[in-house]
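Look for chain A in each of the two complexes below; its partner is chain B in the first and chain C in the second.
Let's look at the complex of A and B:
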């Protein structure tokens, strides 16, 4: 049986998956070996997160919800690192809790360890656990925990322990970070870095302190609703939000002793090329469809 | 061995707790465990008709607390030691004070769900392994992986219990082989595989967008055009070039300000509050997000909220046929 020759239009509509996937691997890998600084216009919601983090009082701790793991480390990891770097530079104490994933506290601790190594390398004082920050740990039920934090944060965290400066396990509420916290409004803000539904759970229940969020790209549209309504004081979305924070940090702390550009700068060129490939693939599919239609109409007439 | 797992920290003494490591605490734990197990077995042995009212009763009482918490007037400026003025305020005080306890109950119950998940995994894959059913090898890998992570995780945790070593182990240079092993299986393997699995989504998105995004109707064309604008606005370089193009069309150019700082054409256009500022990608995306996307999502959320409320009521009142052991 003779093989039917496919037209260019048909070929453009049915590019083989291996070809598409190979091109995707190439365009996402190559930019990571050749970092290119890209121009950027920070979005208003990212500016608000940055302004919040750079203006909150230094004598009040920040409560951080860390609900991400390495599955979204490109975005969430970059956002988390930028926030922690800002807080460390301003000597602001912070407490971290998790309600989404049992792995998340360890992931957050690992990032803080790396940032401390970076600070030591740049002759800056490392952030000490217990004195400067504490990990409150994991809570299995997000709804009940968020209610409890809003209602009585001391009772919510009462059973949680952390190693003190000498390494002995002690209640986190006795730490210098949380000793003066009587209620959730004693935190200057609650910043939630999340890749899950805990954004909705938190915004529905925590109302007594300023809220800001750092979410993944796919969560952007649903979370944008709460930023538009004013319930969120700032919102950094995905890799763009990460790059926004890094560029603003570079403007505020231009010194060589500060590491500002990280995940955002590393992956933003990759995002560009991946999105460009997506556009080209959609264009190719549509051009192929129109070519095939035109040919069919010509044959019919 | 100093097990801190069951410690009751900084909680006022009451019937519900006891000093850390005391005989009273252990006695209470054992009694609670035995009573809990006995209750579960009694419930399992009970006939269906008897089981349903018991489950319905506990479901109603549990839900009733949160319903009251949200609808009952709560004390606004309650300080420790404040006394209620009347019966209504007394209930409000009780609801507020009980919340941390209820939250702990819900955390413990959710913890049981994690345990139930592990038990279910072990039961399904253990059976497949022992009966040497199809793909038993993968079940073996799963069970070995669970055991490895549990052993290494708890061993690492145990080495950090001693205050003398705990502070030293903050520095990776002082890690022992078990700490390195934990780092390897958790950070080196699990977390990297987690990231690799998630990155596969990029391939699906590309493939799906290529095959599905076709201009076959007016609706599809609007969707495609909107998506294209939002995608382009996420590309800083494209956004910059677009902004410069629009600015030059409206007569703005790159300039150097009096203080020596450079101002791009797009920044100059924004600073001058020019009409052209409405045509930058950021502005168009902002308009799409605030005028089209946000109201649409609010409408969807409203619908979902109404549906969740209806379903919540049915579950709370045990009207749902699949709840309460009534299959």
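Let's look at the complex of A and C:
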């Protein structure tokens, strides 16, 4: 049986998947060896997150919801690191809680450990657990926890323990971070770094303190409406939000002792090339479709 | 063991797991299955331990047996409340969903959860959508001749609030687009009235097209996020593990 010769149009519409995946892996790998700084215009929602974090009073702690794990490290990890770096530079105490995934508290602790190593390397004081920050841990019920935090945060965290400076487990509410917190409004803000539905759960239930969010790109459009309506005081979305925060940090803290550019600067140029590849693939598929149609019409006539 | 070597071994396992999980893109294979089951097992094991240590132990078990605070703590001594033990049979009833004869028992905990959930819904709904409905009333006339909103980074909170209180020309245009989008998208969902009027018909068509634009934006964000996750994995393999780990010595 004679082999049917495929036209260029047909070939363009059916590029083999392994070829496409190989090109994609090359496009997302090689540029990472050659980092290029990109110009950036910060979005207003990212600006508002930055303004919130850089203007909140230093004597009030921040409550952080850390609902992300390594599966979204590319986006959530970068956003979380930027936020923690800002808080550390301003000597603001913070407490971290999780309602989405039991792995999340450990992931957050690992990031803080890395940032502390970075601070030590730059001759800055490391952030001490118990004195400067505490991990409140994991809560199994997001809805009940959010209600409880809004109505009686001391009761919500009453059973949780954290190691103190000497390593002994003690109730988190006894820590210098939370000792003066009587209600959720005693936190200067609740900043939620999330890759899950806990964004909606928190918006629906926590109303007594300022709320800001750092979400993944896929959650951006659905969360943007809460920012536009004023329910969120700031919103950083995905890698763009991360790069926005890093750009603004570099402007505010230009000194060499500060690490400002991280995940955002590392991944943003590569993302552009990956998107360019996607656009080229769409164009190739459409050109192929029109070529095939034209050929079919010519044959018919 | 040398901590640096241990770190490299751990990262090497991470690289194998990453390559194994991505190998499904070529075809279903045993290498992929192995790492998939490894990941599921680890996640499930971690979740079970975390549920006990971070949730059930402190929020349930300690409440049954009571709590004597450690030396130096200001927390009061709390007596044990045996009634918390009643939560266990209620929870176990949920598993009777697998029994044909006694599955009615599973409806009791489901009913309790539904009741608690339903009781919150009025307030929850309003907290979520109330401010959005109020914010739908937007100014469409500018209050300043400046076209764009200025950047507020570095401004004092008062100056930033003053800058944000103005309706710039670009804001007014955005608000007009918002208003048209809102009305046309809502009109698309008016199924109980037959759209005979030409204007209303065109509104619903416009609503459908704008909804598609919205879905397109959501799809675009999704693609960007997936690319970022892939870029992060490639960074882990090529930069963190190979360049900095194996060949960089850090």
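Following the convention adopted for this analysis, the second predicted complex is superposed on the first by the 301 of 301 C-alpha atoms of A that agree within 3 Å, B and C clash if a C-alpha of one lies under 4 Å from a C-alpha of the other, contacts with A are read in each partner's own complex, and residues count from 1 in each chain.
The criterion applied here is as follows: a contact is a pair of C-beta atoms (placed from the backbone, for glycine too) under 8 Å apart; a residue touches a chain by one contact, two chains touch by 3 or more.
If you're wondering where the values come from, they're calculated on a predicted model, not measured in any experiment.
J.: Both complexes share chain A, so when I overlay them there, do chain B and chain C fit or clash?
T.: Clash - chain B and chain C, as placed by superposing on chain A, overlap.
J.: Between chain B (first) and chain C (second), which does A:282 come into contact with in this model arrangement: first, second, both, or neither?
T.: Only chain B; A:282 stays clear of chain C.
J.: Pick one for A:43: touches chain B only (first), chain C only (second), both, or neither.
T.: first
J.: Using the touch definition from the top, say if A:168 reaches chain B (first), chain C (second), both or neither.
T.: After superposing on A, A:168 lies in contact with both chain B and chain C.
J.: Looking at A:107, would you say it contacts chain B, chain C, both, or neither? Reply first, second, both or neither.
T.: Touch status of A:107: first partner only.
J.: Could you look at A:91 and tell me whether it touches chain B, chain C, both or neither (first, second, both, neither)?
T.: neither
J.: Touching A:243, do we find chain B (first), chain C (second), both, or neither?
T.: first
J.: Of the two partner chains, chain B (first) and chain C (second), which one does A:296 touch, if any: first, second, both, or neither?
T.: Neither chain B nor chain C is touched by A:296.
J.: Return first, second, both or neither, reflecting whether A:152 touches chain B, chain C, both chains, or no partner chain.
T.: first
J.: Is A:225 touching anything from chain B or chain C once the two structures are fitted on A? First, second, both or neither.
T.: both
J.: When you line up both complexes on chain A, which piece of chain C, out of 25-33, 79-87, 133-141 or 151-159, runs into chain B?
T.: 79-87
J.: Go through chain A and flag every residue that touches chain B in one model and chain C in the other.
T.: Looking at chain A, the two contact sets intersect at 17, 21, 24, 28, 44, 71-73, 102-103, 139-140, 143, 147, 158-161, 168-171, 173-174, 217, 221-222, 225, 228, 238, 271, 274-275, 278.
J.: Once bound in the complex, which stretches of chain A touch chain C?
T.: For this pair, the touching residues of chain A are 17-18, 21, 24-25, 28-29, 32-33, 42, 44, 47-48, 50-51, 55, 71-75, 77, 102-103, 105, 137-140, 143, 147, 158-161, 168-171, 173-174, 200, 203-205, 207, 216-218, 220-222, 225-226, 228-231, 237-239, 248, 251-252, 263, 266-267, 270-271, 274-275, 278.
J.: Within their complex, state which residues of chain A touch chain B.
T.: 15, 17, 20-21, 24, 28, 38-41, 43-44, 69-73, 102-103, 106-107, 110, 113, 129, 139-141, 143-145, 147-148, 151-152, 155-156, 158-161, 163, 165-171, 173-174, 217, 221-222, 224-225, 228, 238, 240, 243, 268, 271-272, 274-279, 281-282, 284-286, 289
J.: Quick one: in the complex, what on chain B touches chain A?
T.: Touch residues, chain B against chain A: 4, 7-11, 69, 96, 99-100, 102-111, 113-114, 160-168, 170, 172, 186-187, 190-192, 194-195, 197-198, 202-203, 205-207, 209-211, 213-216, 224, 228, 231-232, 234-240, 243, 266, 280, 282, 286, 289-290, 293-294, 297-298, 301.
J.: So in the complex, the part of chain C that touches chain A is made up of which residues?
T.: Against chain A, the touching part of chain C is residues 25-26, 43, 46-47, 49-51, 54-56, 58-59, 62-63, 69-70, 72-75, 117, 120, 124-125, 127-128, 131-132, 134-135, 149, 151-155, 157, 160, 214, 217-218, 221-235, 237-239, 243.
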